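You will see chain A twice below: alongside chain B first, and alongside chain C after that.
Here is the complex of A and B:
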């Protein structure tokens, strides 16, 4: 093996491995190479892709996952039900509400309780703030992959607006742990909805600028159009999720097919594109941000009209100590209710799903009637999207791999769990 | 209710194959003998259940079995998309083997690899059965089985060497 920095390109023997910038390359035959890209690469999180090349055409792509695996399913079995929430939200901290919501819903199904109306709207509020932040993050990483540094800077800057809103709502920029069984942790602060409307107006304007500089940019379009095309039937067969699925002409969004929380009462559309290429996947995200902004406006109006009470299920609220209620009536905010420390969940099996930023996330929760769950199974959107590398990338040139990777918004910590 | 329609269509497809029905919250699972699981999967696929959402395995040491459930649903049929249907197979814990379903549902391919490393279930006929998330020495221990005990961080109880496992 030659040392890095010293790139002698002549006299490369078959079977010899060389270090090239960012990758290890092994020559496996005349004009045949095996390339190990990663685990460190420009994307977000660690993941290795093993590519076999004929010239510069990929013939075999093997995604090598697990570099950020944390055995969440096993750790959840030793924790009380409430402590599983901060555990699983580490999958995708920027999308924390969407990621933990189906777990909370599954526990609620087992306990046979439903959150009050206001709590449902508060959950939708944070879910949509998270979705916008998640899409902006994904687009920023996409910009990095394509070497378009403006598209990296802008969405990351604009994402700060929504991270700030989430912080004012929940007290934490990223890992919010906001939805809990029976409701949410706290209500909106004073003047929040006005700032929310301001953010919506700002973001609408920015999306138009994104279109001009990125999506309609001839250089970007040349790299994305017709690249990584996933035809409709193949998208269904591979079971991919989220914006990637909808870019291939499949109209499937959990918010529509099985409306959870307050989504059944809100007016929004599900953007669907037919092309199935990398450009369509970028467009779906932009269109989805527009729909999320629409939802946020409706939620802001609704929250203003509703009386400011009942963010927690009556059954739990009745059990709260007097001091706790006094603090709430005086300061308008409270810590997590003490009864959650030893929450017993009735025995049973529940399955719940939600539409997270990157796609559908499903949870299977089994309880034996004890303080800890017997089994928690979670399948995250990125894990289901990882199969795209294996079946879609071969046949493309190596230089298309960053475009494909960026366009499916693959997020290793979420996939590895 | 729309969920009843999903259920009855699955029941129709699996008639004569399933041996029991299990009502979960948010899904309905049909119990199928391991030797007829391919038949059941083909029937469900042709009935419109076109993708696997989760390959869920649960270890039950008291009964000496590992239960594998394929939670499936549909993208192409909006009516079926509203419900989740499972087919459950019980496998002996000492030698869990079953035919792979990833030839029928490609979407199960990576998840079967995951169940293989975490539970030791061997999927016969899988195109590429090797660990996906874990390193091989750890995958051999099958960490999600109940007899694999996680040594969690210990709780400091005061004194010099008094460390106790959390309850």
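Here is the complex of A and C:
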């Protein structure tokens, strides 16, 4: 077996390829070392990050997306309107309600219907449960990227509380397909709001413990403070969205800017941090969870006061078969209404957006008056955030890459669609 | 018949063999590492709202999990990639494992001369010198792998060696100064009662403790194998038994260094005080058990950090070692010199 020492280094031009046993070696630059992090790598997710190193410092970082591209937009053109919902929620199964809601809203705009009051609150309820679950998932991944195994296990364990709540509300742990045109699939089960309040109290207590073990941990602070700073003007220029934008001092949240569903009637704040570093991005998520808990409490009070009816628009409810209404009055829960199988949406173009866990998600839906949409266009938050790697990571050390990746809470399946 | 048994016992307990192969050498090291890994997994699980290892031997609380893991590693196919330097690739982990254990030959576990495998006059220096050998093979393993992640991991290990090695040596020399001797037996004998060097010279003790964490990739210094940038660092290309040996060697090294720390700072076999003429049990086994128990406690404390800390960045760890820990070790050494000058011990 020949040894690696046979490679002749003299007179080797940049760009020239030479042979090594079992591999070709190309010189990419003077004193540069190129490593491919991903797509099969414990720290990459479903993507590849091409890193060029000078010593320990990253000179060039190129996020290479597309490994989980599923042609969702094209697939949506061949499916009936209701079947697009379970399709697009595969983008971020742990944030399913937030991800599908703007699509449903766009279809509602085309049909010119407005969901009843109770349905709006039910949508907000699941949206906030999803937002908390999504942030907890992101924090867990962030924790393990920094080698903090406790911060990996705790949020994943506590996320179970909210996944469980979502399951009791919708029947599914992750892909809920809960909002449908005209309302939601079903009402809350008995005793749900009491458990919701219990979960809110539990999570408040846990957030304090997260602060003690993770956010105020000297090792973690040393890793995060001043790392991956996105200055305010750069964040705006690159079009960053969501918690990452708010950590850079920009107060922008679709729930505030253009209140949808019941958000206009709820009392909450949008946490904004000025630093723009990885620690600020971690803190924004914690503060957002606190605000989501506040919203959940208000929604629970509101749902208790409201009459338990009207989770579906009257126009659809009137068309429901008698058997369907009988089952509902007897059991308090029903399956999806049969009329959705042949939902015909009037011709037109509609646009809707919402604040998902990772930022603003935008849908453009065009209908020709048939059973299937003519075009569904999605702009997902992770896709808009992916560019950050290229501009923020260079100049940092290689060990900062997981800290930056984790703090951005980048989710490849959501970006690739 | 009795003569045969005596002969066999005297062979087994022949110090050069017993000390290296059985206790505190290889066999005891493996047993304690198995216990410590189980303890580490269980405490981390307890902190993290989990159960931890359970399915293997549920009655023992999953204590045999690591043995099951080792069996799995041994039956896995050891894949040796085409691009590696085969001889170095195979020999480096084996050498690392063996050389990690070698310092136990220089570590006394009893004050009685017939239990010493080598003369103990300069045993502290010998033990220290032997502990510094194994990182060479870790770097060699990464270099032989011919993989970019391995090379980065090896380079990190090399950086870490420069950071902790000096700290470890200086902080251990701090116990030699007050005793005016490099003889580990005399160092232990000087620590009668509560006059342990860990209490008299906490600076040197803490510096040595942190140096052990750094040298064996303990949290918060788990940097060469940092999974999220360099996969498994120097061990990226390893599989099967060789990977198991790679992973075990770091723990064995930690164990050996903990034994050395126990002898130098925690009073070794004190409070026992074997008298000349004591038999095998009172003169050899009992003090040995005391040393092992103390070393196990040291390792258990180190394991607990896994549940509390993340990992430092490489430059932060090296910076910490040179700017904070090294001055601390030097201060500890100065304190030791003062004790020696004043004749406190």
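What we mean here is this: the second predicted complex is superposed on the first by the 383 of 417 C-alpha atoms of A that agree within 3 Å, B and C clash if a C-alpha of one lies under 4 Å from a C-alpha of the other, contacts with A are read in each partner's own complex, and residues count from 1 in each chain.
Here, contacts are C-beta pairs under 8 Å (C-beta built on N, C-alpha and C of every residue); 3 or more make two chains touch, one makes a residue touch a chain.
This structure is a prediction, so every number in the text was calculated from the model and none was measured.
Novice: Please work out whether A:352 is in contact with chain B alone, chain C alone, both, or neither, and reply first, second, both or neither.
Specialist: First partner only, chain B.
Novice: Based on the superposed arrangement, let me know which partner A:37 touches: chain B (first), chain C (second), both, or neither?
Specialist: second
Novice: Tell me which partner A:402 touches in the superposition: chain B (first), chain C (second), both or neither.
Specialist: A:402 contacts chain C only, not chain B.
Novice: State whether A:163 touches chain B only (first), chain C only (second), both chains, or neither.
Specialist: After superposition on chain A, A:163 lies in contact with neither partner.
Novice: Answer with first, second, both or neither: which of chain B and chain C does A:213 touch in the superposed model?
Specialist: A:213 contacts chain C only, not chain B.
Novice: Counting only touches as set out at the top, which of chain B and chain C does A:360 meet: first, second, both, neither?
Specialist: first
Novice: Hey, what residues of chain A end up touching chain B and chain C alike?
Specialist: Chain A residues touching both partners: none found.
Novice: Can you list the residues on chain A that touch chain C in the complex?
Specialist: Of all residues in chain A, those touching chain C are 1, 3-4, 20-23, 33-35, 37, 41-43, 56, 143-154, 157, 213, 217, 219-220, 222-223, 397-402.
Novice: Flag every residue of chain C that touches chain A in the complex, lowest number first.
Specialist: Residue positions touching the partner: 44, 47-50, 81-83, 85-86, 146, 148-149, 152, 219-220, 222-223, 226-231, 306-316.
Novice: Per the contact definition, I'd like the list of chain A residues that touch chain B in the complex.
Specialist: 65-66, 69, 71, 73-75, 78, 106, 109-110, 235-239, 245, 250-252, 257-258, 348-353, 360, 362, 364, 366, 374-375, 377, 379, 383-384, 386-387, 391, 416-417
Novice: Under the stated contact criterion, what part of chain B meets chain A in this complex?
Specialist: 22, 24-27, 50-54, 56-58, 69, 71, 75-76, 78, 81-82, 84, 86, 105-111, 118, 131-135, 143-144, 148, 150, 152
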